[in-house]
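Below you'll find a set of structures to go through.
In the two complexes below, chain A is the common chain; its partner is chain B in one and chain C in the other.
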Partner chain A sequence: MMIKKNVATSDSGFIFNPATGDSFSANPMAAEIISLLKQGDSSASIKKIILEKYEVESGQLEKDWDDFMLQLRDANLIES
Partner chain B sequence: MRESSPLVVAVTGLNAIDSPGPGVAVIRAIREAFPQQVRIIGLSYETLEPGIYLHNVVDKTYQIPYPAAGAEALKNRLAYIHQQENISVIIPNFDAELYNFIKIAPALHAMGIQTFLPTFEQFDARDKINLFQFGQRYGLMVPKDKVIYSVHDLPLCAEELGYPLVVKGKFYDAVVAHTLEQAQKAFYKLSAKWGFPIIVQQFITGTEINIAVLGDGNGKMISAIPMRKLYITDKGKAWAGITLEDEKLIDLANTFVSATQWKGGCELEIMRTADGQPFIMEVNPRFPAWIYLTAAAGQNQPGSLVKLALGETVDPFTEYAVGKIFIRYSWDHITDVSEFQQISAYGEL
Partner chain C sequence: MQKLRYERPVIQKMNAGLMNKFGTRTEYEPVKQIDGVAVKAIIEQYGSPVFVISERSIRRTYQDAVRAFKTRYPKVQFAWSYKTNYINAVCNVFHQEGSWAEVVSGFEYNKALGNGVPGNKIIFNGPEKTNEELKQAIENESLIHIDHFDELYQLIDICEHTSKKPRVAIRVNMDTGIYPMWDRFGFNYENGSAWNALTKIVASGKLQLTGLHCHIGTYMLSSEAYAVAAKKLISLAQDCKTKLDTTILYLDLGGGFPSANTLRGAYLPASDTNPSLEEFAEAITNTILNAGFKTDELPLLILETGRALIDEAGYLLGTVLANKRLSDGRRATIMDFGVNIMFTSFWYEHKISPAQDFTHHTEDMVLYGPLCMNIDVVRETINLPLLNRGDHVVVHRVGAYNMTQWMQFIQMRPNVVMIDEKGNTHLIREAESLPYIEQLEKMPGHLAQFTL
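Our next item is the complex of A and B:
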């Protein structure tokens, strides 16, 4: 799962897709995941970080993860 | 050359209603390209075009005859203005006036006034009436359309194109019609305003993107800036927009310029479908009202056009700033009745 290379993100959670002109505001959790994806981290390693850092069940994380990836895909932010 | 004699550029399109003319934006870009070297002459049709009264934008304005008065009347008026002002370059900015300007371009050249306009062939090829054939000829994606002269042809158009469909005026305006009644109403309204024919076009949904383009007339693209409309008025005009990074759009503009050998500025109106296909909805044969964004993004198209018109070599731009946003706003400019009287009575201000 790769965030498109030209997608710009900021620490504040602002996301800008220069190919479409779309912009989004991400909450801190989403911004952290996007930042890690942009660094090239794998899904597995990001999930591991989240499980270690936050109080969340792995089943819940999987569900939320899939939902979030769908949102990113809908927003045209992921490499096809 | 410009050190000894000032650069005098005459510009039309000084109106700024909800569908604004490009003139003021063109002037802003030219002033930026030639700081303190340029004198701007406004060419107006109506007495309430705001640019006439913006003296920090336009140095002097002259009224010119409406296009319906013909090319000869325009040429004579411009000859008079040239005597007063020694015009270097004229940039017309309205579709409806271009025919006359192209026609008198050789005469203007003989007077010492330069233009940088498309040829009649280029101008006609991209006309709404010929757009579908134009797309087929050059392998560009263009929506299907029907050119009609009678309201009785609408049912057949609907049968072939389906609803909704887009009813378009010869020069400007478009209405999306979901029923035959709506299409008929649009037909009568647009034909009364702009004459015949009426163009009925397949409706394409997607993201509205415009590309401002400058071609050198020999197949080389000097500049292309794609802009996505962020805020759209009820007339379909961009009231805010943002520059995009998309090689497909630049390639499309390049294909257009090399295929047509386009000379001058133009605007490609694009509808990008959900699967990323860019349909050319219209080709406007002049700069758009948002043209200053090209200068703000690093490719000053009006400034470059002036240089090309003067015979200077202009290298194609290779970069521009992505994510530059324009936000249009309205401003109540205050003037005095004496100024209104001056332009109304004497045709000059």
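Our next item is the complex of A and C:
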């Protein structure tokens, strides 16, 4: 899963897609995941980081991860 | 190492362009308690979903309404509209406050009697009254409000066989400038039906014509319409006095005052647009006071306000069952309550608050109920914090009509709890059970068994 190369992100959670002109705001969790995805981390390693760092069950994270990927796809932010 | 608090990841598209200057804010404050009782504790004790009624709120709203009218007019009587919420405990709060009963069926009539309301303080409205029900009402000296000529002749016929002279009024429908005009109930003012009915009542010699009644609509957003209604009733009352030598003792202006719920499709929230009860009181009482009645002949003003007195006091507590994403990317949240117990979802954009702390991140979502039916939509669109399975919400202003129009459909109806003025909770209607639902069913013998 790769964030499109030209998508600009900021630490505060602002996302801009110059290809479409759309901008988004991300909550801190989403901003962190996007930043890790941009670094090229794999889904598995990002999930591992989150499970270690945050108070969340793996089942819950799995559900939320799938939903988040749907959001990114709908927003046209990831490579197809 | 202490782990950090998790919130599910979410992105929101930022919309450029004109902002809605009337946009309402997201509910930033969680509602964790009602009248000092924790929402969580109520759900733990009584389950979810659960209706909660605040006794304190009923009494305060009622007293405010009475004050609005009594400070403007000397003779005012409220009659609790049973159809709005006829759970006995709710009715009795109103009766303790001094309210009579206004009923629209034999079933409601007997409920009021059962609650201890004296028969002569029950107003019997509605288009269906059986001979037995009318006889009972005559015996109890109730105020019978005649809806149509067939009922008038039915009543005269019953009086052939009784020495009692029932106290009656007619319901009058009229053009008050409001659309739609509720002309299906009562006798029309403009075409002369109302006057015709009044003359027939007096001419019969068997009925005591004591009042005039109207109920011009529901969720009325114009106080001026009530002034028009009062004016037309007064003109009938004055004609009764001069032409029929009959004094009208009371004018019943019915109900129809709105609550603070926002109607579906409304551009602005109800709190910004709906007239206050004071405005309605001002319009009605000014019209009567300026009509030329002698001070000692001022008619009693009866009000059958329902919704405006009980909506605010009712809450529905519920729980998130699931989250999902729809094909068009919208978030959908499924709650454990739906249109089966919240009929008013068809009318209002109910205010819904989360019942636990959350961050400032929110998302637009559709709120669905638990029914396996496409119509089960609680809110078409609402902006709420990131709700998770198991989170609780509080739906506001559900006191009117939901606990009478609710359906036993797919799910059973839940507990109803009242919080008294000291903060104690009381179960006032028990959740339904399978034996309760099935107790009226009968199984034909040949269908009792089968083999699969």
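To be clear about the criterion, the second predicted complex is superposed on the first by the 80 of 80 C-alpha atoms of A that agree within 3 Å, B and C clash if a C-alpha of one lies under 4 Å from a C-alpha of the other, contacts with A are read in each partner's own complex, and residues count from 1 in each chain.
Everything that follows uses one rule, which is that a contact is a pair of C-beta atoms (placed from the backbone, for glycine too) under 8 Å apart; a residue touches a chain by one contact, two chains touch by 3 or more.
What you see is a predicted model; the values in this text were computed from it and never measured.
Overlaying the two complexes via chain A leaves chain B and chain C side by side, clear of any clash. Contacts of A:Asp64 after superposition: chain C is touched, whereas chain B is not reached. Once chain A of one complex is fitted onto chain A of the other, the partner contacts of A:Pro18 are limited to chain B, with no touch recorded for chain C. By the touch criterion defined above, A:Glu55 lies against chain C but remains apart from chain B after alignment on the C-alpha atoms of chain A.
In the superposition on chain A, A:Gln39 makes contact with neither chain B nor chain C.
Using the contact criterion defined above for the overlaid structures, shared-chain residue A:Asn6 touches chain B, although it does not reach chain C. Touch criterion met: A:Asp74 reaches chain C, while chain B stays clear of it.
After overlaying the two complexes on the shared chain, residue contacts for A:Met29 are found with chain C alone; chain B is out of touch.
In the superposition on chain A, the chain among chain B and chain C reaching more residues of chain A is C.
No C-alpha atom of chain B lies closer than 5 Å to one of chain C in the superposed arrangement. No residue of chain A is contacted both by chain B in one complex and by chain C in the other. Within the complex formed with chain A, the residues of chain B that make contact are 207, 228, 230, 241-242, 244-246, 322-323.
By the touch criterion stated above, chain C contacts chain A in their complex at residues 3-14, 16, 323, 325, 329, 359, 361, 386, 388.
Residues 15, 22-30, 33, 50, 53-56, 60, 64-65, 67-68, 70-72, 74-75, 77 of chain A are the ones that touch chain C when the two sit in their complex.
If you check the complex, the residues on chain A that touch chain B are 6, 8, 16, 18-21.
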